[in-house]
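In what follows, chain A forms one complex with chain B and a second complex with chain C.
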Partner chain A sequence: MAFSLSNVDKIVGKETYLKNVSLTFESGSQNVILGRTLAGKTTLLRIMAGLDKPTKGKLMENGADVTGVSVRKRSVAMVYQQFVNYPSLSVYANIASPLRLAGMAKAEVDRRVRETAAMLHIEPLLNRLPAELSGGQQQRTAIARALVKDAQLLLLDEPLVNLDYKLREELRVELQQIFKARDSIVVYTTTEPTEALMLGGNIVVMHEGRVLQSGPTAEVYHNPASISVAAVFSDPPINRIETRVKGGFAELGRILSVPLDGHLTGLPEGDYIFGVRSNHLFLNRQHERDIKITAKVELAEINGSETFIHVIYNGAPLVVQEEGIHQRKLGSEIDIYVRARKFYIFDAKGPLVRAPRIEAA
Partner chain B sequence: MSKWEDNKAWFLVLPVFLVVAFSAIIPLMTVVNYSVQDILGPGDRVFVGDEWYRDVLTDFRLHEALWRQIVYSFCVLAIEVPLGIGVALTLPKKGWGVSACLVLLALPLLIPWNVVGTIWVVFSRPDIGLTGVTLNNLFGIPYNFTANPVHSWLTVLIMDVWHWTPLVILLCYAGLRAIPEAYYQAAKIDGASRFAVFRYIQLPKMRGVLLIAVLLRFMDSFMIYTEPFVLTGGGPGNSTTFLSQYLTKMAVGQFDLGPAAAFSLVYFLIILLFSYIFYTVISSFDKGEA
Partner chain C sequence: MRINLRQAALLAYLFFLLLPIYWLVNMSFKETDEILGVFSLLPEHFTWANYKMIFTDPSWYTGYINSIKYVAMNTVISLSVALPAAYGFSRFSFMGDKHMFFWLLTNRMSPPAVFLLPFFQFYQTVGLFDTHIAVALAHCLFNVPLAVWILEGFMSGVPREIDETAFIDGYSFPRFFFTIFIPLIRAGIGVTAFFCFMFSWVELLLARTLTTVNAKPIAAVMTRTISAAGMDWGGLAAAGVLTMVPGVIVIWFVRNYMAKGFALGRV
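Now for the complex of A and B:
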């Protein structure tokens, strides 16, 4: 099956939720919609499901127009951020509910419920009520309910956001396996670049109701079409260094001149934004060709086994991501090292001019 | 040092003991005291043991009042709870209508109880009241709540429904508003019917507030006093004399303090028992609530 949206707008009152969205999804594909909060991800899913009507534009299913066709007549399943299960029904009855409503034979219902429960490792819980389960188990039940009816369109709206870190990692790996084995169209929204990368497949990067870029996930990660895509698809957002290229040199932050070599060779003169992801800034020299810059420490935030050091370089903020725990005195001037071969070169207006070469490992 | 030796913590609990003693235990003990003595005059009393209790428990007028009370409370719950749920389901979910409806609904709750009684007296009088005159003259129904026990009963019941259903509506409405939109969407995607949405999402999600609504309405209706006192004065005959009124007649009207005290305690125990039964029964159904 192929599902496509063409020129979809969603406007409520004066608020524009979606603007000119055109996308195509193929059967058996895993698609991640990546965007920050308010990017329009949930609105897009609701329109795809047929829960909401688009203000403008069309939805096509195998070439047939399904715009405005009620969700009841479509083959859709959806998983939400909240753990949505029928509170007074057992896990078994919850998973069976869409099949029973569809009028399926009892034996077939039983077989499918048990199969799906086994897939999500909730077999021992079939007789419990949702309130007697942990958050992770509740969401597994909700996912089982969505999977069991074998809908052609499986929509997941930030399904792991309300789970703790450990459960999220665990379920993410399982989900990826489950999605791979299905031939429905899976659409999964998230705000986290790492989650998008782990799930693989295709990606749609959204920002403020518009689709910025779509394509195979790894390809979009390595070749973001614009600085906005790079910002959404990096966590922390990609560092920007305003740079002027003149006389064969790039003046980083307009103060430090570095020669144009590697993938920068032959860059025309003019103003650019050099983007570099936080994991390509270092506290210690890693490579002889790393560029040393001096910046002032604003904040050092330790997150699990990583440290994010926020610095100001020539008036612009940068974030250095380092493995391990590092302490730096606030307000002090420190040296940081930039890997020049990892620079993304964006035009001052935003579009990508050059991407770094993809290196193995 | 053994862990039992340092008992200073008790001092911290002392204020609570004092408050409870003055607010509950001492007044209650006074009633207990009266219930086992015959007060003949100031400073003149005789210990009578369980005599008042035996009197009260075998008083057939009290039995009548108790049955009347049970039937009344049952009717109140049977009408107000389903009606409250029904109205709450039809209330608007957003826009100016929400505040308009809520304010209108809350109005009866803001009226003092004896005023409610007075309003209904005026409203129902067969000679000048809107309902009374309409029923008698327009529909030819010989309605007279001061003379006909059935009319009197219905009037008290309808007054209670008018006065207290808004409370049930407000509680149910709050319960309904707390259900995330995603539940309705999920049901829609499943293809569930309107009734299934009510039965499997709204009702289970409202259980908590319904438990409170049933308990509050039961206790209040079981102790009803002011409105029927003003409206019917317990009559005609004893047809609308509920437990509280009977008790008041005994204690204030006839000044039988001993039997009234014994009755008070029995009354208190009955309410406690019923509330406990309600609570256990309903909360055993309540496990499914997320």
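Now for the complex of A and C:
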């Protein structure tokens, strides 16, 4: 079983939602579509499901053209960001409905509903109505209904976004195991790089209706094809430092000279963007070879057990992600440390020139 | 107990609101002589005679039966026409949909008297004159647009994803509509039915003009009962009370959803 899209465009009115999307998904694969809001993730899923027709392009399922085939005739299951269940049916009837419609025998329906409910830990709730459940349980019901029918294409559109942090973590771990055990194509959209990394599998990075890059998740993370991919695939977005390479030195922000060594060795002269992820910037020296950058504090944002310190370095904003809670006086000058080996080098126009070497874990 | 200004104002308001109704009920239990002769807050000679008269005299009670018949017909027709229309307006976008939706509402902006002549002439020609269905159809003129508007509001409150999930699960459209969708807008259907009932029940002009004998509504009967012995005040009062009863009963069932209905389902 393989599913592919070729040269798919979606244009509504004057608005381009998708532009020339070509992708192939293999059965048994887990695929994450990563992109910010309005990147076209939902549009893509809806087209894959057959809920919307592409303006241009083709959808192929096992070599057969399924473009424009009604969703009722396709083998698709979908989970929405909102908790969508049939409010008038009990949880049991909700999960059973796709099976009953397919004309399955009663005993078999019962067996599969209970099995799926057990997998998602909602067995004690089977007789309740969706309105009597918490948000997490409602989404579990929706996921159970999608899983129960063994569709060849399982689409999940940011299923965990409306849940609170704790529930999200919990369900994410469970989903990962459930997906692994299936041989259908799982497509999961998210805006969060961390979620994409946790789910693993393959990734499709989207931005403004285009596919920027696709491939195995870890590979894309370590080798983003362009600065845009790196920006979408880091949270906070990757820091950009405008750099000029001249005479064996890289001038970070055009002021701080760093010798070209390690993976920077032999970089041709010219203008580059050096990218570095926020978790590779530190407030304290980690290593004797760290480069020291002096910057002005704009904002210290405490996020759970981490602090994001927004600074301005030579007119450009940087974000430092630091474990623990740190207070820095706004407007004060602080020192930030970074290893040159953590730099991603992008061409001034965007494409990746060099990526840092991956260290053995 | 101290009553402040606000409560006093409210009580006064209620008093004036209920006064005519009280007077009507009061009259319906009196004899004509007492109504015309004395001022009494409670009937001096309490009597059920007026009500008995209405329930035994065919010229009275057929009026009720006629009214109930065409109101029921109208409610059923309006709902069955408006349900698919409202679904269309709520779920699909097509050329001119907004204009058409508004045009529906403009049907309520013209006084029924405007349509009186065409209806009258037309029904005469096609032989529908003085039938229940004639009045029911005429009342669709203002009830169908209203029903479409109210139902559309309720339907748009149901997320579209529910429709889509149903289609993904393999529901056929009719099955989805009747087993999943209708239960979700139950309250809306109840409110719509109530409004159709109410407008059709109180409408006098069309109902009176389009009927003569066989389908004469109660409101028309009431305006035409002047006997040789003069006005039957007590009978009229009793008829008035009985005319209010169905409304009260129906309101009881939809009392919790009324406000949403008046806002055409958009809250």
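Operating definition for what follows: the second predicted complex is superposed on the first by the 361 of 361 C-alpha atoms of A that agree within 3 Å, B and C clash if a C-alpha of one lies under 4 Å from a C-alpha of the other, contacts with A are read in each partner's own complex, and residues count from 1 in each chain.
Going forward, a contact is a pair of C-beta atoms (placed from the backbone, for glycine too) under 8 Å apart; a residue touches a chain by one contact, two chains touch by 3 or more.
On a predicted model such as this, the values are computed, not experimentally measured, just so you know.
In this superposed model built on chain A, chain B and chain C take up the same space, so to speak, and clash. In the superposition on chain A, A:A49 makes contact with both chain B and chain C. Within the superposed three-chain model, A:L129 lies in touch with chain B and out of touch with chain C [touch as defined at top].
Once chain A of one complex is fitted onto chain A of the other, the partner contacts of A:A102 extend to both chain B and chain C.
Of the two partner chains, both chain B and chain C are touched by A:S88.
In the superposition on chain A, A:V353 contacts neither chain B nor chain C.
Judged by the document's definition of touching, chain A residues 49, 51, 71-72, 76-78, 80, 82, 84, 86-89, 97-98, 101-102, 142, 145 lie at the interface with chain B and also at the interface with chain C. The residues of chain C lying in touch with chain A in their complex are 159, 161-162, 164-172, 180, 183-184. Taken together, the chain A residues at the contact with chain C in this complex read 49, 51, 70-72, 76-78, 80, 82, 84, 86-89, 97-98, 101-102, 142, 145, 149. The residues of chain A lying in touch with chain B in their complex are 46, 49, 51, 71-72, 76-78, 80-82, 84-89, 97-98, 101-102, 129-132, 142, 145.
Of all residues in chain B, those touching chain A in their complex are 180, 182-183, 185-186, 188-192, 196, 200-201, 203-205, 287-290.
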